[in-house]
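You will see chain A twice below: alongside chain B first, and alongside chain C after that.
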Partner chain A sequence: MSTTDQTVRHGKEAADKVDGVPTGEDRVAIPGMSQEGEVLQEGRNQAGEPEIKHTKHGDISGVPDSSRAGRFSSYKVEEFPKLTSKLEDWRFTPLKRLKGLDETELTGAAPAVEVVSGEGQVTVTTVGRDDARIGKAGIPEDRVSANAWSAFSEATVISVPANVEADQPLLVDINGSSMDPAAQHIVIETGANSSALVVLRHRGQAVLSQNVEFQVGEGSKLTVVSIQEWDDNSVHASAQQAKIQRDGSLKHVLISLGGDLVRVTPSTRFAAQGGNVEMYGLTFVDEGQHLESRLFVDHSQPRCRSRVTYKSALQGENAHGVWVGDVLIRAEAEGTDTYELNRNLILNDGPRMDSVPNLEIETGLIAGAGHASTTGQLDDEHLYYLMSRGIPEEDARRLVVRGFLFEIIQQIGVESIEEQLRNSVEEELARHEN
Partner chain B sequence: MSVLEIKDLHASVILDDETTKPILKGVNLTINSGEVHAIMGPNGSGKSTLASTIAGHPKFQVDSGSVTLDGQNVLEMSVDERARAGLFLAMQYPVEIPGVTTSNFLRSAKTAIDGEAPSLRTWTKDMKASMEKLKIDPAMIQRNVNEGFSGGEKKRHEILQLELLRPKIALLDETDSGLDVDALKVVSEGVNRALTEQNTGIMLITHYTRILRYIKPQFVHVFADGRIVDEGGPELADRLEEEGYDRYMSVAK
Partner chain C sequence: MTERTVPADTAGNKPEDTVISEILEMNPELEGIGQYQYGWADKNDAGASARRGVDADVVRDISGKKSEPEWMLNLRLKGLKFFDRKPMPTWGADLSGIDFDNIKYFVRSTEQQAGSWEELPEDIRNTYEKLGIPEAERNRLVAGVAAQYESEVVYHQIREDLERQGVIFMDTDTALKEHPEFFEEYFGTVIPVGDNKFAALNTAVWSGGSFVYVPKGVHVDIPLQAYFRINTENMGQFERTLIIADEDSYVHYIEGCTAPIYKTDSLHSAVVEIICKKNARVRYTTIQNWSNNVYNLVTKRAIAHEGATMEWVDGNIGSKVTQKYPAVYMTGEHARGETLSIAFAGEGQHQDTGSKMVHIAPNTSSSIVSKSVARNGGRSAYRGLVQVREGAKHSKSNVVCDALLVDTISRSDTYPYVDIREDDVTMGHEATVSRVSEEQLFYLMQRGMAEEEAMAMIVRGFVEPIARELPMEYALELNRLIELQMEGSVG
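This part shows the complex of A and B:
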């Protein structure tokens, strides 16, 4: 069992700026897992623990990896160093299992993009790499992402016109059928004051490096669900970069279930004030799988809000889960309100989970900031209570585990997809009779 | 007719460092269907340990003695088997279970105890009726088990389960603590219904005599230092109310 829970609040007006959302310890009740609450003093770090860094103006230049603020970015693959496990960004990833995504030219056929339903108000088009809509959300931040950027020839652009409130979710299947290393580029853009829900469901066989952009227009609301349900041998690196315009909001739900190695790096940037992002994640890591989620929220604008809730369940030998949550509050991001939470449930002996929340704060004038991370097994007291009502142990475990996991699936808001994912989770659980 | 027989029960709590500490020091008690046995004693005397040991909590280890329900060895059963055999423990501190709705929990428990899923119509009707009688907010069943429930709501929820699961013998561990007079009446009525309508045998663990105004015990047992040190009828409770436990504390040591 390991637990961290840190909350920082600054500023006299903090309390009324939180918008009714408590930011203290009370909102991080972790099911069945004990926790210690702690309020950090300015400038205090815990050795060896996930940390909150307080950086002053000007301190952050230079050393690229010491702060997310200084992370290198480029469209050119050759400008990134070769991957080694010494790089902070790659230290948990089994590089050999990338099957060349970092080194070889990505000339394989990209997985097929197939619209299942919901096209109409929302359009889906295939465009060339010189299309003006490409590249607005962000610049590649790692070698694998840059490699895909160099290689893609066509991109899929999903557009929601201004003022359109799409009444149907757009369901898009991304079907892989080849193990040749490939690149893919997808753009989702929402016009001002529009709203839409887009589901990207990845399946089949692939060795894929992917760049996905979310360009969230002024006052618009975008929900994106990215589901990774690849076949067992697939490899997928997905850099999902969002840029949110003034008063825009993004709900990002990441579900990683299948694949040999899946590494998703969602990042959110704000182009203007008033933006809101909710990032949810659910990973189910099975025997031998490496499922990694590294997210970044870059608060560079005043009065934006972010909420991050990631959960994972792990079972079996060499199941390896990684969650890294970088949140940066820059000096100019006054009035920021942020909270990130990671909970991991280890279902049996064998798995390994690395959970690293990392909050950097460069201004004292924020509404609230905190994070918590918990990794542990099922709580015996929960099982005892259920069993004392006649429920057999296996059923009791099932009830508790499902309760834990389904909370994220419920965020999707499309019943057919939710049901299908619940069934997928059931299948995963059944493998180890949980 | 059912009977729970506890004979010369010795049990220890398993501490975090895996050493054990003896708590129960030879408990003898027989509870028949339809009887109410009040177990009264000072804090720390081992009342909850007795209830938890009978229910099979993994933190407690039986050192010697026996517990049988209708002749069946309870101590050999797993926690869920004990419940399915007809034992029920209303807990002193019910835990919160995030992500599991009360409605799902109750239906799962009922299905497990009965060995088959209840017919939807009767089940919904029974549940509504019981909740109404216990003055439980109908919205509660959509909330997660005990999550955010007030102390009183948690206790009512325990008694709701008592009514719905229809055990042969129920152990009620300080169900009265933390309840105001109105809630105490409502909860006591629930227990009395189980008594008269289902002929449940009841072990009523309490620190105070207050609940005995509403639930009438035929037998009162005084518990101190891990065993029963005195027994009598309802009049014993009246005496305890006046004199307290001091007398027994010195006897026990």
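This part shows the complex of A and C:
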């Protein structure tokens, strides 16, 4: 580029004033804005420093494609653009803290998969990457996920045979013990007319890119609970893709509590009509943590139903929560019924929450579609109501916050897990309340 | 209605008296927009000879013709640099049809600005008569009128009593000459020179638009009105509006827009900057009804100081593509921002509209109400951002967007962004998308209404909360447009 371009870029051209009239950065009246407009930064960088990250021009193709329908997918990591905060999909993620999951070869040892209980009717096997059951639910949709796809050598397949209604939940612990960047692949498949509940609990230390598939068979019912309770320094990117066959039903509960950076991207697709998906999420974001959930429901088949309820609580300096909920109703998806809700509770000074519910509708023949998002502090009215009944303010506060958060935990349906999570949330809250 | 003509096209063919039916024959994709009432074109010598494309020479030429101060030329050239450098937006509507090299950036239609309608060239006067502007002025429905034709304001008038109170309402070019101090202080301060590709382009080649200054404590009780019209094919209209409402003042500014129907596209890329000082209140109403070959890419932004209120009433009915998100930056305590937005997307139209509210000071509040109707394959989208910056404690915001789909081939999207960096805030967002139901139609038809009439009534009911905020003559106009839009929408 020419030198003039350089000078404009740094806002330091010779003539910052012409005839006494400022023509440079001094002209801008709005705080946080440079002469190039809004300072779009993932961080909390305020003030007028023209600190915009300039990528070379050719980075983004000329044809706009804001629609989720056109999201690129590939098994090959090199076919995705290098990550920058200019990519819509990554604009909120602190890329430096990914610890190379997007770039380096993921050669570290994957966290150990350990079945705690419930094996029997449901089987857990380790297979090679050429196993026929792998890759049916979807193609990687981002660079980090594709990187894991290229790197994994063995996969864990959790299988529920047709017509089996498992009476025990399957509890699986995924224990990390190394900070070498690693890849992991997990498949959960349910045969026709079966039902099962699977809990994946992530703990320990890891820098992990993970692909998880849910292949929900015809008429079957699968509940999956994915719990992220990593140690403070762990980094976890988890692409969770579901494909639901005719009249199949998936309940997906995502609980993110621990880790430095946890980014879970659950996507649901329907292979035939009559499917049903319920997606629940609870994140508790503490000081310095970045917890991100980006979900997608792709209504491409008629008469399917989706419900999304995500909640988060945030506390402490630089606690950053991100929730993006994309719902797409394609032209073929007549009779779709969908509602999406995100509620965020900010407990003290310092956190940042980004909430983006996106709804794209290509047909008018729908049963109903809506979304709602709220972010705020405790509702004074709730507090007042309880206090007017003689409950001290501190207890009232405690009750309201727990009522808000436990609604999601209740969805799990395994008492031991629910209790343990309630305790974890109590611990988190204690840090704030003391 | 059959007398509409098109001017000589660029290839030199002269279809002088081509009737609309022939245009439709040549352009089957235009079928269905024949209802557009403002699609005639005037004879056009100035437009036909104007230069296409933009570079530093064009910018210098525009600035020279207007004998501008040096700093403005400097800012224009800077705008051009940013325009060249900034990428096209990677979101929103498909803008690949814009050919920046084919656009005429400056067309001077008359040498002299007129103070009475009689002084205008006959063609232009007839245009405004057809649009009903002089009549509104005669009936004292407006306090001041500015009419912009192509690049410059051709007619301008303001009520004498307002002038005596110190209200300034004139075209931006003249205002720069007569009141340079306002421009030195405020021009380009709310929408910086390189804000986005289209605002940068506007800064480089701006011409015309309105300048309004309302002194301290003055209430302008009836609206000021501006009317924008494009006549030349491949014209780019880049008007620049600057409104300054001093402390405790009030003003309501209304703009309307139309253009002829051509085979190739025009570009309208305005920049509107509004400064609401302490306790001032500004309402800015737009009824945008460009023809279906205008790309309407507009940046509108207000800064609201302590206790000030900024209200955007934004109606988008016409254009091929509209991308417009009026914004309020609340920098003073107790400032308030409000947007009422309504969009109709018919065949071949993409209305990507919404609003942006940025809470910078404590105790600020904002509200966005958006309604959109998509029919006949049209696409409407709500795109909004509510941002609460650190320190903007006790801020409140509420967003409601409703979309109505009249048939099965249209499309509606919502992209609401919320970015909260402060804990002590209340934030709500709600959206619904619904379809005109068989039951509603059946109910009305059972009571003797024709189907089209029933459909129009349902749509009117849907947009009523916004229509009632419009001045009466615009509310009536809106109702009439809904009926026209709904014609042929059934079956």
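In this section, the second predicted complex is superposed on the first by the 367 of 434 C-alpha atoms of A that agree within 3 Å, B and C clash if a C-alpha of one lies under 4 Å from a C-alpha of the other, contacts with A are read in each partner's own complex, and residues count from 1 in each chain.
Keep this in mind: contacts are C-beta pairs under 8 Å (C-beta built on N, C-alpha and C of every residue); 3 or more make two chains touch, one makes a residue touch a chain.
As the structure is a prediction and not an experimental result, all values here were calculated from the model.
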Which partner reaches more residues of chain A (counting touched residues only), chain B or chain C: C
First (chain B), second (chain C), both or neither touched by A:Ser416: neither
Touching partner for A:Arg402 - first (chain B), second (chain C), both, neither: first
Touching partner for A:Asn163 - first (chain B), second (chain C), both, neither: neither
Which superposed partner A:Thr125 touches (first chain B, second chain C, both, neither): neither
A:Ile391 touches, of chain B and chain C: first, second, both or neither? first
Touched partner set for A:Ser117, first chain B, second chain C, both or neither: neither
Residues of chain A contacting chain B in one complex and chain C in the other: 29, 31-32
Contact footprint of chain A on chain C as seen in their complex: 69-71, 74-75, 78, 81-82, 85, 87-96, 184, 186, 188-196, 199, 275, 303, 329, 331, 360, 389-390, 403, 405-435
Residues of chain B touching chain A in the complex: 55-58, 78-80, 82-84, 88-89, 91, 94-100, 104-105, 108-109, 112-113, 144-145, 161, 165
For the chain A and chain B complex, residues of the former touching the latter: 29, 31-32, 379-382, 384-393, 395-396, 399-400, 402-407
Residues of chain A touching chain C in the complex: 4-5, 8, 13, 15, 17-21, 23, 27-38, 44, 46, 57, 60-67, 88, 331, 344, 346-366, 368-377
